[in-house]
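One structure follows; several queries about it will come next.
Chains: A, B, C, D and E, in written order; residue numbering restarts at 1 for each.
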């Protein structure tokens, strides 16, 4: 039997990351170049290279730390890490996976509440109209985040410059979009 | 061949200025395009953060609509939409099974045949060959060309400019008379999708980008992405507050700069809609 | 079939498996005596026709063994052999010829215990399969025909 | 009629404890063609061997089977005994009754039966053995060393000192290689030139060494002991005998703005130049690509000023045809230029330099006379950053392997900097410190403990310039992956070591394998690190993979010993167990149809083409021919040959076929 | 096929070639190979769906080689055969002119080797559809059924070696079956010897068979022996991602290797 066949399916976060997004955590040799170039690393509780290291341990407690981290929600998918990684590890795809997994397991970090609220508002906006309705997005986000005063000065300025529509544009295929959302279980 | 355009949501709203400038220079160069009929939002950051399948299905619907309407080449001015469309095309090409699944979700045929151009590729292909003769007012300014993330990364999938110190935007700008400065923040992230949910982070990151451009004596930051523009322009009060600074450098779309160079009035290319006043012309 | 003693031929390369089998000896590891070894300089030398000849001369099983990939004394003989066995096996499978009677293995000069294991598992498997009747019948039939035709 | 003698050994009790040796000898004795069969307690002992020798004569034996231990143990012993007994040694085979039978099985009838089968198989084989003569190949006792760096120099001197002739080829105008560019060497910090230049001079003066600089290998034909090498001596535009090396031409040359290769582009040189003051030979060459006369057709100032009239503008390249017995490849390495790393700004910012450039800055004979000055403005950097693994261990943009030498030279650079700029700060970004080697780790520790070099574990993401300073953005992974930003005056990239340019081309000319990185491949990764898969061609130094000086020198001496061993005999004797392509009478000449698939499988390039011509000189058939000087006898070609036109002596088709039949059929 | 005839005439008239090998209809209407050396006879050339024989087989025959430079009507299998023969140094491209015919019967302008290479590169090189189906059927059988199927088929073999004669790749002047030291394969036609012969033939064509199916067509007793070589062609592609007859350089899978070749049965 060839050596590669000895691997059994690993029941760890690293295992499922590898299976779902083809990112092999064990390729990382901890040079830290991802963290060095990450625009939000200094805001993160776990900089990207630390996420990689924790994955490598394949310890349940460390898997838990990752899923409950704020960091995975702060990642802005700028792809700088991937473009500079000597091992071409696709950290951005991995982050996408980790976020979805954290939501599924209801382990979302409390501090990420607003970020998710925004994403949800965003998707809500297109779920019903097919396109982004920016005013609706802001209002819905305020409702979800309970952050009523934020950007209060922005909207009037935008409206005055013709940058904010007061009413949404509905595309013809709204039913179609709704079905797409339903089928993808969004 | 019919050229399609996918404006994306921001160009119909917060980035109307960008939209106006794209159409204005297209018109000036006698270029026409057809909007992809009944296009939808690409899903942006939100979709791929929360649901992978949705993040592929939304762009796939757009591309399928383009195919259905015989649009072989689509220009996508918004760098974020551009990235989503190209990545979707790549993912579905790589994995036929996934492609089948997504086709099922969108209830449409999708072949992945459309050629997707970002705004600079479009300029390169259709504007540059006829540009020189049309320049009436060279854009003689020192500029910092800011590409952002999504235009160049992931470079192996986009296969466009190199991810480090890219050059295409600089070349376009020098062709209209501008002098691009050495600018290490070309591809640093502005904070993008966190604009509303973490304005503090966006202010911090965008501030660094603006500060370095001003420091190097640039008179304008040139962008090709509505998200970058809104963060660097609309968020300027937040940025100045965060950094306790008074950054005044305007943020101009590459299409606006070209418009000015070929003699279009500032209003026509949407410059009056900016938050940060554009004094140069 | 309890008293069935299979005849097994091993085609091995001189530098790895033959030496490995020597080490089995010097380590005094015991294994079934059904297997007899023919030495080749390299697995690359082993003609696939020899495998057929072994069956037609009454072998119930065969072991083919040489150096692990990258360890070939001649750098590439085992790589060529590997391709040859891939094709051979695919053809045999397609023709319904039982490839479970052939063990292909890599046994290095340091793997004395492994050689014993390869031999013993092969012997056990062939014992379960029983004599290679269908091949023997084929040969016998041919011999009979020849006799009949003079 | 075959008359085989069989000798069954008890090996004390090693065999006889489980095998009934008497029964084996008796059963085998009854076989047809077995003229003599006996058993003895110790066949390998003197009386045992005498038994064989006597029996050969007494029974007029045509073949011998010694049934004892593994042939890997005693085959040479018994073959020699047979030869002494008057029988061709290749008519002796061994049956392995010990390792493959008595030691691995219980004592019972089956074991004895197996022993009988094993012996019988060898009897059937030996009947088909043929008397073979060892292959003798004459040896030309002149070695060629390709490359005049430290490895080539060491190899050439070692070979020359054994009394054999050496021809050294160097493509640049002087020998010395990269070592001549280095400032100090680790781990002793002794001056590189001080230890190298005496060796360079020794090469030039050694009576057994002929040196051709500005020369390259054009083609290589032949095989071990008998290579024919064509060497192109590029025109130096100079009569080397007339030139005294006074250097007047180089000072008067009006073209002075050519980037100096020796100074890694950090200095300028004229068009007629000696690469560096200690060059060997110390004679100038004209760089025709940059010489005003060759470009514009006029100038000739060097010719005018030359006191000995040594300039030869019309000198052509010269092709030398050399007879060579062995070749040492010592073509060294290059460094990978860092421009594949746009994020590190090499090439964009003047003060970001590579390791070799730093060597020149630190060298007393370099462009700054050993003062560390930054290239942009000549200021002494107060804050310097060294980035290790700039290209190494980076499959994405650089090379996947570890360049091995960078950890040490980076430590050296940081140390040299601290010794020269006491108040300066040196930072090293590293991933691992690989400092295995005598006194190596101590050296690195000294840099950290005594010279207070700041080692930061993490890679750098990007370097850019701002206000004349270099901003280095990295990470300290030992502080929980904390971002680090250093404002530096100069950055030194420890760029990867890569195969020398032209290595692939040379490897193809030499028919030597090379790896995916274009480094020359050794014959065996552990046991033949100096040999290549082509007999008679050896490797020395960094042409095989990046190496430091001690490693390169050790290997060079190893290669020299291999050459000396080869040259210690006037003829090369090899076991004749080689492949052979059959020959038949015209018009067929051979059953070979010349598809040359065998050529593609042969790991040794031992398969050549033989053309048969009709009387009118027209080629009527081309068939394969084995060069027995190169063939190692693996037999892969034999198994592949569809028309069965190739056979392997000692393991012929008839022999192995007979073995299969004998092993499976009882008589 | 007027173009083909015109081109053949032109080549013969201006003495570019001495003979054109193509197809013609015999007196009974049966298509047979044509060897035309007189331009006047070129009119008899035909090309239609009946013209399936792989003409490349003639290129290595000494009696054909003696005729001089040859133009050869070449469908894709013939072109691939030519490529194989060049890579195995049996012919040189200079000795021939390729009258390429596309899959839909149009004369191609094969100006040189690189054009032929280009045509091959863009063609579907997998086994023809009808054979794919047969192969798929056979693969569904159990090992015992497969054994029985092949024993039944191979028992018909009369060792006439028509399969060998028809194959452009079987150009050896001495075949293994003609070797008697040792006698690898019994001379007589019997169940065991027949099987070994067909195994030998298939193995010798592994990585060299270009899927023309000529061996099967040539068999007088109707043994589908082409399925054996075509099965290996499939496998060669599965494992090594190459097809035979795609390069003028020696790239046969049995004489090359990759260190990371994958298999699953070597322990």
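Keep this in mind: a contact is a pair of C-beta atoms (placed from the backbone, for glycine too) under 8 Å apart; a residue touches a chain by one contact, two chains touch by 3 or more.
Since this is a predicted model, take the numbers as computed values, not measurements.
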Next on the checklist: So if I look at the partners of subunit A and the partners of subunit E, which chains show up in both lists?
Outcome noted: D
Next on the checklist: Going by the touch criterion stated earlier, list every chain that contacts subunit C and also contacts subunit D.
Outcome noted: E
Checklist entry - Which chain has its C-alpha centroid at the greatest distance from the C-alpha centroid of subunit C? => result B
Next on the checklist: Can you tell me which chain is nearest the middle of the complex, judged by mean CA position?
Outcome noted: D
Checklist entry - Which two chains are joined by the greatest number of C-beta pairs in contact? => result A-B
Checklist entry - Rounded to the nearest whole Å, what is the centre-to-centre distance of subunit D and subunit E, using the mean of the C-alpha atoms as each centre? => result 43
Next on the checklist: Rounded to a whole Å, what is the gap between the Cα centroids of subunit B and subunit C?
Outcome noted: 65
Next on the checklist: As a quick test, compute the distance in whole Å between the mean CA positions of subunit A and subunit D.
Outcome noted: 52
Next on the checklist: Distance between subunit A and subunit C based on Cα centroids, please, to the nearest Å.
Outcome noted: 56
Checklist outcome for this item: Note: subunit B residues in touch with at least two other chains are 164
Item to check | Residues of subunit A engaged with two or more neighbouring chains | outcome: 80, 88
Item to check | Residues of subunit C touching at least two other chains | outcome: 48, 53, 70, 76, 80, 84
Checklist entry - Which of the residues in subunit E come into contact with subunit C in the complex? => result 138-139, 141-151, 176, 184, 186, 188, 190-193, 195-196, 199-200, 202-203, 206-207, 228, 231-232, 235-236, 239-240, 253-255, 257-259, 261, 263, 265-267
Checklist outcome for this item: Listed in rising order, the residues of subunit D that touch subunit A in the complex are 343, 389, 393-398, 431, 457-462, 473-477, 480-484
Checklist entry - Contact residues on subunit A for subunit B in the complex? => result 39-40, 43, 74, 76-80, 82-83, 88, 90, 92, 96-97, 99-100, 103, 114-120, 122-123, 125-126, 130-132, 134, 137-138, 141, 145, 150-151, 153-154, 157-158, 161-165, 169, 171-173, 176-177, 179-181, 183-186
Checklist entry - For the complex, which residues does subunit D have touching subunit B? => result 341-343, 348, 462, 464-466, 471
Checklist outcome for this item: Residue positions on subunit E within touch of subunit D in the complex are 88-90, 171-176, 179, 181-182, 184, 204, 250, 252, 254-256
